[in-house]
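Here chain A shows up in two complexes: once beside chain B, once beside chain C.
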Partner chain A sequence: MTTTIDAPNGREGQLNSGNLSKLAIRLGAFAAFAGIVIYFAIAARGFTSPFNLTNIVEQSTILGLLAFGVTVVFIGTGTDVQRGGIDLSIAANAGLCAAVYAVLMRQGFGDAVSIVAAIATGMIIGLLNGLAVVTLRIIPLLATLAVMNIAAGLELVLTENTVIPVQSPLLQVIAFGRFLGISTLAWCFIVISVLLIWALQYSPLGLRLYAVGGHHEAARAAGIRTGRYVYAAYIFAGFMAGVTSILIVSRLSASTTGTGLMLLPILAAALLGTVFSRRFIPTIGGTLLAALFIGVLANGFQLLGISSYWVAGVQGVLILCVVAMTSFAKRD
Partner chain B sequence: MHQRRYTTLGMLAASVALNAMATAMVNAQEASTHSLEGKVIGVTVIGTDHHWDLMAYRGQIDQLEELGAEVIALDAGRNDQTQISQIQTLIAQQPDAILEQLGNIDVLDPWLQRITDAGIPLFTVDTSTPHAINNTTSNNYNIGAELALQMMQDMGAEGKIAVFNGFQSVPVCKIRYDQLMYVLESYPNVEVIQPELRDVIPNTVQQAYSDTNDVLTQHGPDSGLKAIWACWDVPTIGASQAISDAGRTDVKAYGVDGSPEFVEMVADPDSPAGAVVAQQPYEIGRQAARNVAAYLNGEDVPPFTFVSAVLINKQNAGEVAGPFLPQAGDGAQ
Partner chain C sequence: MTMQAETGRTRRFPINIETISNYVVIGAFCAMLVFFAAFAPGFLSGENLYNVISNRVVLLAIVALGMTIVIAAGGIDLSVGVSMDLSSMVFIMLIAAGLGGFVGVLGGLGAALCVGLLNAVLINKLKINPFLATLGVLFIGQSVQRLSTQGGVPIYLTRAEFAAPFNAIVRSSLLGIPTPMIVLALCLVAVYLAMHRSVFGRYVAALGVQADVARFSGIRVLFHMSMVFVACAVLAGISGILLSSTVRSYVPFAGDSFLLDAIGATFIGTAISSERRPSVVGTLLGVLLLAVMRNGLLLMGYNFFWQQVGIGVLVFVVLGLSFGLRKRAD
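Our next item is the complex of A and B:
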């Protein structure tokens, strides 16, 4: 008798402690973010100036948009890096799209054709990821790693590893234009974030994608064609790579090598984003905060005069802490 | 006749006087004690992973700090996006001046313009741009021509050259490459192998080793290939190793900068490293900082300042290579 009464109580206690630890970590993440922002606001001269705050948003835009692509893949396939999905090709893909755009522009095709071609390239690479993961059933980690190399190789073929300068009135507007005091890049970040939050958190399509990533078999049993959603998630990540590549070229006035180096910060932002969500799941809002968090760190460190060499190291430590805390809380 | 002799003597005297003036100017600049007390100076570099870059970066910081400035030193880790973000934040910090060192000019120029638009005096190291008040560098026109002529001499003015040309977007590389091509116009029996090679960052040495291996395979001992050229001397380290490993004695490598490892190769009579123009990056960095100090203390600063460079070849290495060798210590150059 005692046992039958005690058992549910015990489970409830466990659940409560699990929920409590999740809540603590989530609140802790928000508190850490807020604490760091407040510290920078007090200690770093010029941190809170409107000009600097816009800078932070601008500097986080490219990272954030690419991290959105990975977030959508996480949502559609689950965040378990070993068994779930991941897109390691996204940064190299953006580099390839930037190269396609720059090469076509140099050949006189104009913005419209070049932008469409760049985005189409990104989506084809996404399709390739989908093919490898869904149809050929290769582990996503390896499949997208292979596709990453394909994209990086194609970029080298196109650019011969050189800088390809590009200029156009549109790029000028994206790089240096302002509307209501906010730069075009920052507007892109804001508008795309709002659209994606709506599409993924509030539309039936988004809910079905969460269902597919949350429990593949259950979603299939409920009549959702899961394969198509996973394909779509990878193609969408490719689409984001294409769109972001235009912003990259506008900011650098050129297609340059080294876009692939952004992979780690992108994964960091997408993984860190889960800490800001209620159930430790990937969300666009969480990734948005995580990208801004990383942007705030780099900016604040520079304003405080801390050597730029420390930034990458401290980012790494933070990511390690967050990922460790998240997996610990999930185990609970 | 007398008239001509006097004219010649007069020219000689004028030239000596000019040289003395130039030396005096350099000495005056070296002895500059302009204070930067209370000034904040930003230093932004694309990367410090190579000897030249690191020495020039250190030279700027050391001299600025010696003059009393607070230095915001930013190393972009060879990433264009990072450097742009750092420059953007630097503009918001409103320092008294900004020093920028190397990088892709196509990427940098719009942002360098934003620095001047924000009213911040801009100085550059090894980067010619219309937005800078002063560019402190070596005379890259001379460097390019001198190295090309040395190569022509060693080749007997005929044969084939394999050229690494991956960094046309870096102004100093473009100047040296253009000077090479200008010199080659006078030597029709010298041919540049097409397509040209692409030097890369990172993995410069490894990639150059493998590219040179391919070139050596395609162009055997009877092909007329006699030289490998690069606008800097990190690829030529890989190229020299590849030539040595292939057992070829008919091909030599030529580069610029004075990386201690490559200077050591040039000084070694058995190495295929042919010649290098060694610069003084640490002194270039210090001179750039002194220019900032002079400007902020109200002095006129010329649009460019050249710091001397030395051609080191197989013949003169024994006399001139000493200060550039690894054991000479970092601060020496």
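Our next item is the complex of A and C:
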């Protein structure tokens, strides 16, 4: 404080220009996103058509919703991947929930029972994560890895590694229904995003969760029951896995194997989301943008006719570029 | 709570709960050996034990050793699968081109070295978080493999004319010990000396425990972090060459399955040290635990699906005990 007062005017001016350039770098991720969208809008025919834009939102829905689950865990436990929290089980969990839903539907239970069972399964897996991380104090990376093995194994046991086709009126509505010109799937994404942004960014509950993730001991000293919040974060991630599993089944009209392979893209979206926030912390809005960013890239490449062999690599390079750019801002 | 803590401190016995918690994993491993020896038919036969070690343990252990160094330094490497795959790919392609085993091995290790250097540059020069950096490299590696194999077509070199270099690597032996096991032993000794008996190891541990303090103490953080990722990639590359020599082919993305097992083994290994730090011995124990569990369940007639559930439950329970007991001790 005193140094600022003592500082001559020239230095203050320098500081301001420093702040400006810092701001420019901070906005770099947004600029890169906007630049890529503009490039696709010019170069890729049909990119800006309403149909295609809805399509991008739909393609990003499943990745985005699962990434929200991981984001909430990151918010409640911090983004230091090794010592902080992480949820490696979320993709396998979604696969297990989809399998539970599909198997129950095949056995003649109705939509209501099956959906409740699927979401309950997801939350039980989340509870298991919470038990391991909070009560037993196993390192989150390892705890959720063990739970991931359990969930993926149970999915294989339930489905015997086969595709289980499912059909129901509700799934038809989710897959093909439209409201105000936007599909049900996209509506789910929009509504859940808005709800979560409100709950985490603008409510006391969200503030306390950030406190727990930001500084565990300080939060506890301030009277927050930190353990419960971390438990809740993991159970919420499981809940998101359950909800998303229904959408996965509706989109594919079946429970298929291989949902677990989404793990790395999900983590990429959740971590990339931190560069779309002012202070480089996990936020729902940031993760939303990151999921859309990944969706836009995949869609744009498709429209440009770039071989699918290139897609993963170019995505990787772009993600690295965006993160590298912002990491320079973070250092100051 | 405070009462418990004080009684714990004043206890005279050298054995307390915390000490016990360090031996839970070893105890579980021994219990598992006894259990499978009693209930899994053919578990103790020499042939079976040899198969477990040569098929599962050697490859995973070498990758996990690399992961141990990285995790000890406070990072993580998600691209070990890529290092393995690219090393295996270049190795097989060079042999297919008729350049022989020696050039093949050098080329394979060179490819892995490149992956390690790329990681090092991304993490140390561009200051990208190791998780994201190696994840990006993983995506890039997938594309490189797709582009060089027309979308992921495996390369098989099973014809007799190519057999010589593969036999020289996996079928040969020195003093009756098969070469892959000698390679594993050499890697074990080298990593043990580097991590637990050298200045380098102390610096790596310093980086992992308190990176800022390490920097202020004048440790060359950049250099050591780079070495860590390069070492991890090269070790994964060695494992990739052994893998493709065993199956005489290159199967794209075959290395991916080693990633999570390597991370799991390393963290299981942390349970035997009282500071919960990664160590070479611990990682080896973790690898053995996973391999024996898979093999034992297989012999008892459980399929791959149940093996996965079994491993998950085992890790959960064993580490729950180990870490849970420790909690009560502090």
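Convention: the second predicted complex is superposed on the first by the 294 of 332 C-alpha atoms of A that agree within 3 Å, B and C clash if a C-alpha of one lies under 4 Å from a C-alpha of the other, contacts with A are read in each partner's own complex, and residues count from 1 in each chain.
One rule holds in what follows: a residue touches a chain if its C-beta (ideal position, glycine included) is under 8 Å from a C-beta of that chain, and two chains touch if they have at least 3 such contacts.
Since this is a predicted model, take the numbers as computed values, not measurements.
Q: Following superposition onto chain A, is the placement of chain B relative to chain C best described as a clash or a fit?
A: With chain A aligned, chain B clears chain C, so fit.
Q: Go through the superposed model and pick first if A:183 touches only chain B, second if only chain C, both, or neither.
A: neither
Q: Touching A:298, do we find chain B (first), chain C (second), both, or neither?
A: first
Q: Which of the two partners, first being chain B and second being chain C, lies in contact with A:324: first, second, both, or neither?
A: It touches chain C, and chain B stays clear.
Q: Look at A:144 in the shared chain and tell me whether it touches chain B only, chain C only, both, or neither; answer first, second, both or neither.
A: neither
Q: For A:51, select first, second, both or neither according to whether it touches chain B, chain C, the two together, or no partner.
A: Once the two structures are laid over each other on A, A:51 reaches chain B alone.
Q: Tell me the angle subtended at the Cα centre of chain A by the Cα centres of chain B and chain C, rounded to the nearest 10 °.
A: Roughly 70 degrees separate the directions to chain B and chain C.
Q: Quick check for you: in the superposed arrangement, does A:157 touch first (chain B), second (chain C), both or neither?
A: It touches chain C, and chain B stays clear.
Q: Have a look at where A:251 lands relative to chain B and chain C in the superposition and call it first, second, both or neither.
A: first
Q: Does chain C touch more residues of chain A than chain B does, or is it the other way round?
A: Ranking chain B and chain C by residues of chain A touched puts C first.
Q: Applying the document's definition of touch, where does A:175 land relative to chain B and chain C: first, second, both, or neither?
A: first
Q: Which partner does A:121 reach: the first (chain B), the second (chain C), both, or neither?
A: After superposing on A, A:121 lies clear of both chain B and chain C.
Q: In whole Å, what is the nearest CA distance you get between chain B and chain C after the fit?
A: Minimum C-alpha separation, chain B to chain C, in the superposed model is 5 Å.
Q: On chain A, which stretch or stretches are contacted by chain B in one complex as well as by chain C in the other?
A: 160-161, 308-309, 312
Q: Using the touch definition up top, name the residues of chain A that touch chain C in the complex.
A: 79, 81-82, 88, 128, 132, 135-139, 141-143, 145-154, 156-157, 160-161, 264, 267-268, 271-272, 308-317, 319-320, 323-324, 327-328, 330-331
Q: State the interface residues of chain B toward chain A in the complex, per the touch definition above.
A: Touching chain A from chain B are residues 70, 72-81, 84-86, 88-90, 92-94, 104, 106-107, 109-110, 166-169, 198, 200.
Q: Which part of chain C faces chain A closely enough to touch in the complex?
A: Interface residues on chain C, with respect to chain A: 71, 74-76, 78, 122, 126-133, 135-140, 142-144, 146-147, 151, 260, 263-264, 267-268, 270, 276, 304-313, 315-316, 319-320, 323-324, 326-327.
Q: What part of chain A is in contact with chain B in the complex they form?
A: Result: residues 45-46, 49, 51-52, 55, 58-59, 62, 160-163, 165, 175-176, 248, 251-254, 256-259, 261-262, 298-299, 302-303, 305, 307-309, 312 of chain A touch chain B.
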